[in-house]
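Lettered A, B, C, D, E and F in written order, each chain numbered from 1.
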Amino acid sequence: MLIQVVNPNTTASMTDLIGRSARAAAGPGTAVVAVHPEMGPASIESHYDEALAVPGLLAQIAVGEAAGAAGHVVACFGDPGLDAAREVATGPVIGIAEAGMRTATYLGRTFGVVTTLRRTTGRAWELAARYGVREQCRTVRAVEIAVLALETDPAARSRIAAECADVVATEGVDAIVLGCAGMADLAAELTVRIGVPVIDGVAAAVTTVEGLVRLGLRTGKRGEYAPPPPKRYSGALSEFGVPEAVPVH
Amino acid sequence: MLIQVVNPNTTASMTDLIGRSARAAAGPGTAVVAVHPEMGPASIESHYDEALAVPGLLAQIAVGEAAGAAGHVVACFGDPGLDAAREVATGPVIGIAEAGMRTATYLGRTFGVVTTLRRTTGRAWELAARYGVREQCRTVRAVEIAVLALETDPAARSRIAAECADVVATEGVDAIVLGCAGMADLAAELTVRIGVPVIDGVAAAVTTVEGLVRLGLRTGKRGEYAPPPPKRYSGALSEFGVPEAVPVH
Amino acid sequence: MLIQVVNPNTTASMTDLIGRSARAAAGPGTAVVAVHPEMGPASIESHYDEALAVPGLLAQIAVGEAAGAAGHVVACFGDPGLDAAREVATGPVIGIAEAGMRTATYLGRTFGVVTTLRRTTGRAWELAARYGVREQCRTVRAVEIAVLALETDPAARSRIAAECADVVATEGVDAIVLGCAGMADLAAELTVRIGVPVIDGVAAAVTTVEGLVRLGLRTGKRGEYAPPPPKRYSGALSEFGVPEAVPVH
Amino acid sequence: MLIQVVNPNTTASMTDLIGRSARAAAGPGTAVVAVHPEMGPASIESHYDEALAVPGLLAQIAVGEAAGAAGHVVACFGDPGLDAAREVATGPVIGIAEAGMRTATYLGRTFGVVTTLRRTTGRAWELAARYGVREQCRTVRAVEIAVLALETDPAARSRIAAECADVVATEGVDAIVLGCAGMADLAAELTVRIGVPVIDGVAAAVTTVEGLVRLGLRTGKRGEYAPPPPKRYSGALSEFGVPEAVPVH
Amino acid sequence: MLIQVVNPNTTASMTDLIGRSARAAAGPGTAVVAVHPEMGPASIESHYDEALAVPGLLAQIAVGEAAGAAGHVVACFGDPGLDAAREVATGPVIGIAEAGMRTATYLGRTFGVVTTLRRTTGRAWELAARYGVREQCRTVRAVEIAVLALETDPAARSRIAAECADVVATEGVDAIVLGCAGMADLAAELTVRIGVPVIDGVAAAVTTVEGLVRLGLRTGKRGEYAPPPPKRYSGALSEFGVPEAVPVH
Amino acid sequence: MLIQVVNPNTTASMTDLIGRSARAAAGPGTAVVAVHPEMGPASIESHYDEALAVPGLLAQIAVGEAAGAAGHVVACFGDPGLDAAREVATGPVIGIAEAGMRTATYLGRTFGVVTTLRRTTGRAWELAARYGVREQCRTVRAVEIAVLALETDPAARSRIAAECADVVATEGVDAIVLGCAGMADLAAELTVRIGVPVIDGVAAAVTTVEGLVRLGLRTGKRGEYAPPPPKRYSGALSEFGVPEAVPVH
């Protein structure tokens, strides 16, 4: 079984980190390929970045499909392009926010999210509502460290750890969800340090996709998530259109 | 006051229709320019189309800002790219689904949506939840007419009218929201014919933007909707990046 | 186009202030008349005041209809009598709480309300739930200044400003809604001072009514909001009854 | 213990019917007085009627307080003036919609409401939401019989019975709430006939008030429901004002 | 009328206390018997305790039915076994959490819960959601006193009083619900001391059952709450099975 | 890795069926043991059965813990005893309703449940609300086949298939969740036949537990789900008590 993990931004070192987390999560017999699109932002820190990461992500989903990927992970906590990717892919597509948040609900009644920038917390709340965990999610905290600084800022780990500890102390949550794919390598260490389960969405999404594929479960395709209808596309995105004579599936 | 109405698809005849509706809605002293992006799908009928319409839409928002637009309307019922557009624009940006649905709530307790394709109804329900009108929205119906066929199918008007009438008869709603910018020219006629207010989101969004601009109200910019941080963009979308030395605002 | 703005309390100086805000909000070609009922409380600071303001309000709606008003604004933040007024009027009727709160949702993800007395905050929360913005409304704060003291208390403006600033600082909201028609003249100044949009419901309601009227949209009258059935009324309110032979519309 | 049941409309025969139901529900040692206001509509069938029934209702609450009533029932399914009455009264005040709906939730997971006119069903849904039983309330049905025709229309009982039976058959609800005080005498008979508990809100409210009074529980008066502040009232309602020197409590 | 109050734990002194509160709440002509099961935990302080208290509770419900009880109260704030007890009993069965919380909603817009151990607060929130009072319930506080220590810890009363006072001061709630049957004797005293209604769920449940029985209202038995189907039971619980030849009802 | 799957009823043939489904779902290197308790009902078809299945289930969880199980599945669609089992176990415990319903949300926007008896549908709705999928769950249908008759009734498979097909046709859902562990062997066949993913909760729960264990994620134990406090138990359940000197963990 091949699972494709797509980092929707275009920073290779982050893709590497995500790939390591994803491979560590995969079970025996599961291969993981971690990639990023050719086009798009170096990191995703705004709705603007997120929106513009999607075309490259979708192109990459198509590449993965052609390469025989049985399922896909969208490895950015805003779950960009998830609905569109589900239309394009035949196998399941899972976002790390949905996997992270839903996984948390298996481990207790409540959880908190610790993420990078305050300006992204609105999107996290929106996703919590969409995924039906608005009540369980008690807080979304930001450490105000830029996504790419997670790798370079020597204080990043300790600030994230401190925020997680504070969430547990003040909100009494049963679990914590890390709100950025760039924090993937912190989950195991923090779980021990904080004393509650700390969830990396990348790992959670990989095991979720793996389970779905093993059970033969794919996105329902009889309605909203059927392949997109063939369509003429104009301009710089013209290659995204699907000629009527050559249906996607 | 100049309001830019962006049709996120790339079909000129539909932009013309939208422009006519928008101009008819605008008050004295308000100029409306209706445009569509250079790149993107000919029509928006899937999450895929919607996602790929956004880069062109955002480029057009920037063009409108440079041309002095005081506010913007996103004229597609999926409200694509709305959050990103709000980061980019200085003036208010309103989607036709949010304007249409919220306007309906001023006219009665309940409403129904009549839209084009069944596969888009999931998105309509998602937006109803986001806009806080999930309870008021009693049904989302599709006439199964493709977006561009609204202009060419001679039976389109009568099928839409019949569906609206059926929604009122079976659901007892107080109002109807038309679920596609391509239906903009039907609202006045249907309001008379059906006997309940039938709302065109384009017109509703234009008057909403106009009111906000007149009151000096703009998107709050101290948090989630601050201008996107400068960032390197790769590949075909590299022109979307914002060099650090030249902040957007 | 004539818009009637009804101040449901019977204090003329407050009606004047509301009228100034309403007229400043109206567009070219729109006339605004600001009135208050002959009967009712000097200010509205309890459910009791609100309930007893309604008969006078409804009488005034009827007066405005007779005078050719195309639409009406109910200028008290509890939106008293709104449903009844919609039955009586032919044109749209908008409350300043609904207009203020819904307008806020166009300008960001979250907002806070700053109002007069703590005892009225329960009603504000109830309206937020009714209008579908319970999630977006993060706080309702009271400055504990009586309604009529807004005009006379020299510290009123600075205390309101301080509360608004505190709401932004501690809740991180994108916008603020002023929770009393008597604060109408503060919005523009506070928008500049606080750095987020501060919304006066009176102005928001006026532009909303104006937009609805221009689009030919009125309350749906086929169900709940049909004219009230003719009915015998007893006692001091006997003139409110509608003889069967003379239907309202 | 004296409980005052206020029929908010001014039709004596209906007050008599309500009084009989209320007295039958009261326990040993509890006296019930059933009254209607001097002013207001003959029946309540619209928001307009409801709003204009409130001044008379509030006057009657004050009369009952003076007469030593330990608690009050508002015997109209729209629960008009409930919040205001709670400010005015020292003892508990219960509406028949809240008592009826909450009582239903003790008897099963779901219930349906059967009421008079379709135009009042929106208000019933609004109250279900306010009382936290929106999910349990599966349907609100109207038999299209005017309130006062309940006494005179020979087909009324059979039509109501048929509607109740249909609600059980098609919705599978565990209980039914009768949606009008004028149906009070039907509950016992229908409970037997339909085979699920059929609840008369008047009876439910009387036993609820009785229980609260026996336990010494009254409306909390430290916040929203404190006595209304003294206030000048103008015009026909001037007697409703409370001079500053003579506080209500 | 005989009402059976079941203390689901097996501590006699607590049953005595509950019985005193229950008898004080009952009206003239109502007899109350307070009992506890033969099997089960000495106190209920975890989901584990709660789950294992249920078999004994259900056996006791059957005993009470045989003894002619017209209705039952489940006197533990987790409302253990409520659905099952409703299937088994012919008369109404009321839990003290549901009665306490719903009673609070008659007395104001908001309430807080003060309970024993922090680990039980999650269950209280879950019940608040189930009973439709999630929005009205503003806080659930724990004093961290074990259930049985309520009787023996000399500081218990003052700590509970202090927590109640703090809830009112910081949350501004209109009422307080005591979150443990072992606090039943505190309600009257605290109501006076704190100045808002403080509700004992035992008393609230007794008057609720009493009212339902007087009105002839029982659990709806045509669906979910019909008597459990006859069934073979194995092992230590074999006496709980119902032979097919001897239906429960 | 050893996963224990507990069938909470005491019917061996059903345990065998569940075991086969569970083993088919498990990945390489994962051992599955399927067991049922010594005590409890032959099948679970009421709240009463469910409540009385829990003591045996909890005993079996303890047995599994002692045998080194890394995680547990509760294989009954009512998810009985889930909270208590989470307190007792060190590894994760997953119910088949939660796993089935949440898995459905990864595969589309909406799903339906097809279960055995109508009387159990209320519990399914309650769980959907608890798990945050109330909105996504569009219908819960019952085929009115008793749990144990699933194995013996020759028409069972075709009736279930017909109901699934009808749910898709009339509700347009993207996926179906089978509402009974006794239907575990139908999922693959129905997925092909109906054309949307049909989910067996047993399989979904096994892969979910497997993923959690591989990631080192366990129930958060710092609050609500800490081991139950030591406690004296009386009567037939006395062995369930935990002596104070021998803490569970």
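What we mean here is this: a residue touches a chain if its C-beta (ideal position, glycine included) is under 8 Å from a C-beta of that chain, and two chains touch if they have at least 3 such contacts.
If you want to know which protein each chain is, UniProt gives these names: A, B, C, D, E, F = Allantoin racemase.
Note that the structure is predicted; figures quoted are calculated from it, not measured.
Here the chain-to-chain distance from chain B to chain E, counted in touching steps, is 2.
One finds 44 Å separating the Cα centroids of chain A and chain E.
The distance from the centre of chain A to the centre of chain F, each centre being the mean of the chain's C-alpha atoms, comes to 28 Å.
Residue numbers of chain E whose C-beta contacts span two or more other chains: 109, 118, 122, 126, 129, 134-135, 172, 223-225. All chain pairs that count as touching, in label order, are A-B, A-C, A-E, A-F, B-C, B-D, B-F, C-D, C-E, D-E, D-F, E-F. Within the complex, the chain F residues that touch chain E are 10, 37-43, 45-52, 54-56, 58, 81, 83-84, 86-88, 118-123, 126, 129-130, 146, 223-226, 228-229, 231-238, 240-241. Remark: chain A residues 118, 122, 125-126, 129, 134 touch chain C in the complex. Residues 25, 27-29, 92, 94, 98, 102-103, 105-109, 131-136, 168, 172-175, 187-188, 191, 195-197, 199-200, 203-204, 207-208, 210-212, 214-225 of chain B are the ones that touch chain C when the two sit in their complex.
Put simply, chain A touches chain E in their complex at residues 109-110, 135, 172.
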